[in-house]
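Here is the structure we will look at.
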Amino acid sequence: MAGHVIGAGHDVTVWNRTPAKAEALTSQGAREAHSPGEAAREAEIVVTMLADDHAVESAVLHEGGVLDNLAKGALHVSMSTISVALSERLALAHHARGQQYVAAPVFGRPDAAAAGKLFVVAAGPAAAIERARPVLESMGQRVFVIGEKPEMANVVKVSGNFLIAAVIESLGEAIALTRKYGIEPNAYVEFLTSTLFAAPVYKTYGGLIAARNHHPAGFRMRLGLKDVKLALAAAEAKDAPLPLGSLIRDHMLAALARGMEEQDWSAVAKIVAANAGLE
Amino acid sequence: MAGHVIGAGHDVTVWNRTPAKAEALTSQGAREAHSPGEAAREAEIVVTMLADDHAVESAVLHEGGVLDNLAKGALHVSMSTISVALSERLALAHHARGQQYVAAPVFGRPDAAAAGKLFVVAAGPAAAIERARPVLESMGQRVFVIGEKPEMANVVKVSGNFLIAAVIESLGEAIALTRKYGIEPNAYVEFLTSTLFAAPVYKTYGGLIAARNHHPAGFRMRLGLKDVKLALAAAEAKDAPLPLGSLIRDHMLAALARGMEEQDWSAVAKIVAANAGLE
Amino acid sequence: MAGHVIGAGHDVTVWNRTPAKAEALTSQGAREAHSPGEAAREAEIVVTMLADDHAVESAVLHEGGVLDNLAKGALHVSMSTISVALSERLALAHHARGQQYVAAPVFGRPDAAAAGKLFVVAAGPAAAIERARPVLESMGQRVFVIGEKPEMANVVKVSGNFLIAAVIESLGEAIALTRKYGIEPNAYVEFLTSTLFAAPVYKTYGGLIAARNHHPAGFRMRLGLKDVKLALAAAEAKDAPLPLGSLIRDHMLAALARGMEEQDWSAVAKIVAANAGLE
Amino acid sequence: MAGHVIGAGHDVTVWNRTPAKAEALTSQGAREAHSPGEAAREAEIVVTMLADDHAVESAVLHEGGVLDNLAKGALHVSMSTISVALSERLALAHHARGQQYVAAPVFGRPDAAAAGKLFVVAAGPAAAIERARPVLESMGQRVFVIGEKPEMANVVKVSGNFLIAAVIESLGEAIALTRKYGIEPNAYVEFLTSTLFAAPVYKTYGGLIAARNHHPAGFRMRLGLKDVKLALAAAEAKDAPLPLGSLIRDHMLAALARGMEEQDWSAVAKIVAANAGLE
């Protein structure tokens, strides 16, 4: 992602917890900072793309981090998959410092990121969005602006991951049912994805489940659980139940309890299959 | 569907419970029978396309019906959405009479049927399938052969409708969640269906749920419930749970209990929304 | 049960599918009939206590059964655990023949039946109930009259069994949770049943689950599933969801799918435990 | 509770966030402290009984709190309903300071506390439990020792509250089902609690649900939700699903979303009833 920003002609300073990972970028012309705070100090726009809430809190909110170093009027674009609650806290914290804040999480696998083909979902004040746009467009094939409150983008992100998890759960149940009648799973998935469900997400996960191919993980079970829990937490904060989310969470916990820590999140289908007496 | 069979040059006799409905076909050259038994009497292939188990039992299994009149060696192609259990009974009954039996339910809305663009899922002994193929191909854009046991095709059909219901449930939950954060539902669905979920089923049902447009019904709630129950019953017959199916069934019952008898099955999203305090 | 009726001085004719089972009663003075119809022919009151819907339909509704032989004005007391729908059909059928009908299912294990300590739940027209009362009181420690429509008693029976299944499910989950923290299950159940949950149903099922003692079965898994399904069907007939019933049904199906056919219905706790990674 | 400790002859210092609440105790001979830290300073045993995790963290773990002031070798008895995770943190923190720690949450309503009739569930090192015993016995009718790890007592407490919530959910569903058939709910509950479910928890909650009497709240909905979430969190920390817990949580969220903030947690039965089309 940062490579695409450099490629678009922006002046880029990078920081990574693992300095070796920054090297490819310094060789493309980026400067290297030794801390998030240092990276933020003279930036017009700081982009964060980190693993989880904890990493973002540490880089942004801790003493000497981005918040303390970003200039008044400068902009923080948060692209990580984080909780809606943390995005709300970031919005307040930046506002209190006279800084701008945009949430702009992305959809797409690592190869889409490498190809600059991510989908970007952005939310925040219109002026801040426009300021971020050239950077966002350098990384994604399309930028969707969702609303004026930054956390809206995070809600869209977590709800999108919930919808993917729902596809996995529903395919897992449908494939278990058809297997009980002796239907060959690959042929079944081929039928589904040639007709009503001709979307990549059905092809990807249908194929993995039909082949019972969950290792190595494209997206590990515990990360999948984390994302479903982000959706549940966002809903709970508004007193909204998400019963399918609860069901998926329970199946993912069972998967972890039964030793699937290293497997892809699509392995929840194995819990469904086991409860149907398959394998 | 019958019009396409006539159009393909087959010699067709038609029967409909409501004789007026047969007229369009007799004007195209079909003969009219006054009972299912009469229609079957001299046929090489009998195609049934009826509302539900009850209608098929009445036309086929009752005294003087298709079973009693079909010649030895002739073929019954059952295209209705019926229970897996009934399809198994039909297979046994035809076998006992020395008749052939193929199950070939279809996917597609009425406009796809009119255009000859249905997807046909067929199962049965290979020779019977080949015999049925010209007729099936006249009605559908593609014929998928799923296995040698006729009921397999019915399992695929009911599992497919279950997967559509799962799309409705998951979209209903995701849209309720995003609405709680003030996100405009049409923009949200536009985003989803331009990116990860670019399948017609997401566009159709996402659009209906976003617009809260469930009346008049494309597919009425009680018919939707019937289909989800067919999937649950097929699973139960093999001692397989289908927990997402149970969840959807419960939401559909709540929809009916709360007066949504005349609404589209996508109105389950209103139950989800109501439980989130929306409306 | 019949022994208590004889003991109370009533003139009793018995029929059992397995004649040997009637012997103990004939030795106490009962006459033996060779068919349900014969037993009904000269009776003032016919009591049926049979395994399931199928057995009751066969004994009562089939040609030459109780319905055909019972005198006008005589009374049928149905004590079996049957579906609400069948009880409604029986009420209509007897009414059409000018016969009386009372539903009076019971709660209690075989030892309670032997001791005349069953709880009887009766429903039907007041006059019919009063006519049945001396017989019912001879079999039970207490007779509860629930309403004027016979099926009400069957609803109470199936809802009661659902409540017992709910106790099993909840104890299964609580014991799995506490076991994960190393808490000894017998001590835990001892605590629960000495304090908040001092009811026999918690003692019985808590003890079985803590000891993982599900074989031989006091009440077999498939019978448990049958009863939960009776509750779900009664609710469904009124468009009412029973989400906890759905959850229990799914766990029982998983238990059967995983080979627990011969185990007690309390073995659903093993499904819960397995999903928590225990054993 | 503190009154009973005083009454048993112990020398007591009290602190309450609302000083007026301490007055009744000072009039019985207690000394008053102006902070939790001050109360702990010269104590042999500190007992905390506070609203939630936040209150306990503030009183114990914050600078100048109990932890900082308690003497080496002295004992902290935590009786609040707190998370298992916080109890684990407290155990570690006290251990690091050379202090003793026992968790001893209680079951019982305010009137049981006033009467010294609480049930106390205690866990911790045996010597610390014995040291706490005279104080615990002054407050409760019985002290159950559950294990050597303090958090075990908290797990028992949260699992116990989960079991009560399960009783509410199951009664809500059973009463909705029977109401759909016209059965009078008070008579139904009277039947249940005279027979199979003769435990106070069924009487209390069955009575409230039958009478639809949820206001004023004995235990408010959001507190009920908090407790169910404590059980879910304790299970999640061990990768254990608690599917009935998830179901109850979702119903409680729906209750809150639909405006039942001020109602008793038994009002989840109204969500169940509404989904059955009642009211």
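Letters A, B, C and D mark the chains in the order given here, with residues in each chain numbered from 1 onward.
Keep in mind that, in the parts below, a residue touches a chain if its C-beta (ideal position, glycine included) is under 8 Å from a C-beta of that chain, and two chains touch if they have at least 3 such contacts.
This one's a predicted model, so the numbers in the text were calculated from it and none came from an experiment.
The chains that touch subunit A as well as subunit D are B, C. More inter-chain C-beta contacts link the pair B-C than the other of A-C and B-C.
Mean C-alpha position of subunit B lies 38 Å from that of subunit C. We define each chain's centre as the mean of its Cα atoms; on that basis subunit A and subunit C are separated by 52 Å. Shown for subunit C are the residues in touch with two or more other chains, namely 235, 238-243, 247, 250, 253-254, 256-257, 275-277.
Taken as a graph of touching chains, this assembly is complete, with every chain in contact with every other. Residues 235-236, 238-243, 246-247, 249-251, 253-254, 256-257 of subunit B are the ones that touch subunit C when the two sit in their complex.
Residue ranges on subunit B touching subunit A, taken from their complex, read 84, 107, 119, 121, 142, 144, 146-147, 149, 151-152, 155-156, 159-160, 162-164, 166-167, 169-171, 173-174, 176-178, 180-184, 187-188, 191-192, 194-202, 231, 234-235, 238-245, 247, 272, 275-277. Across the interface of their complex, subunit B is touched by residues 250, 253-254, 256-259, 271, 274-277 of subunit D.
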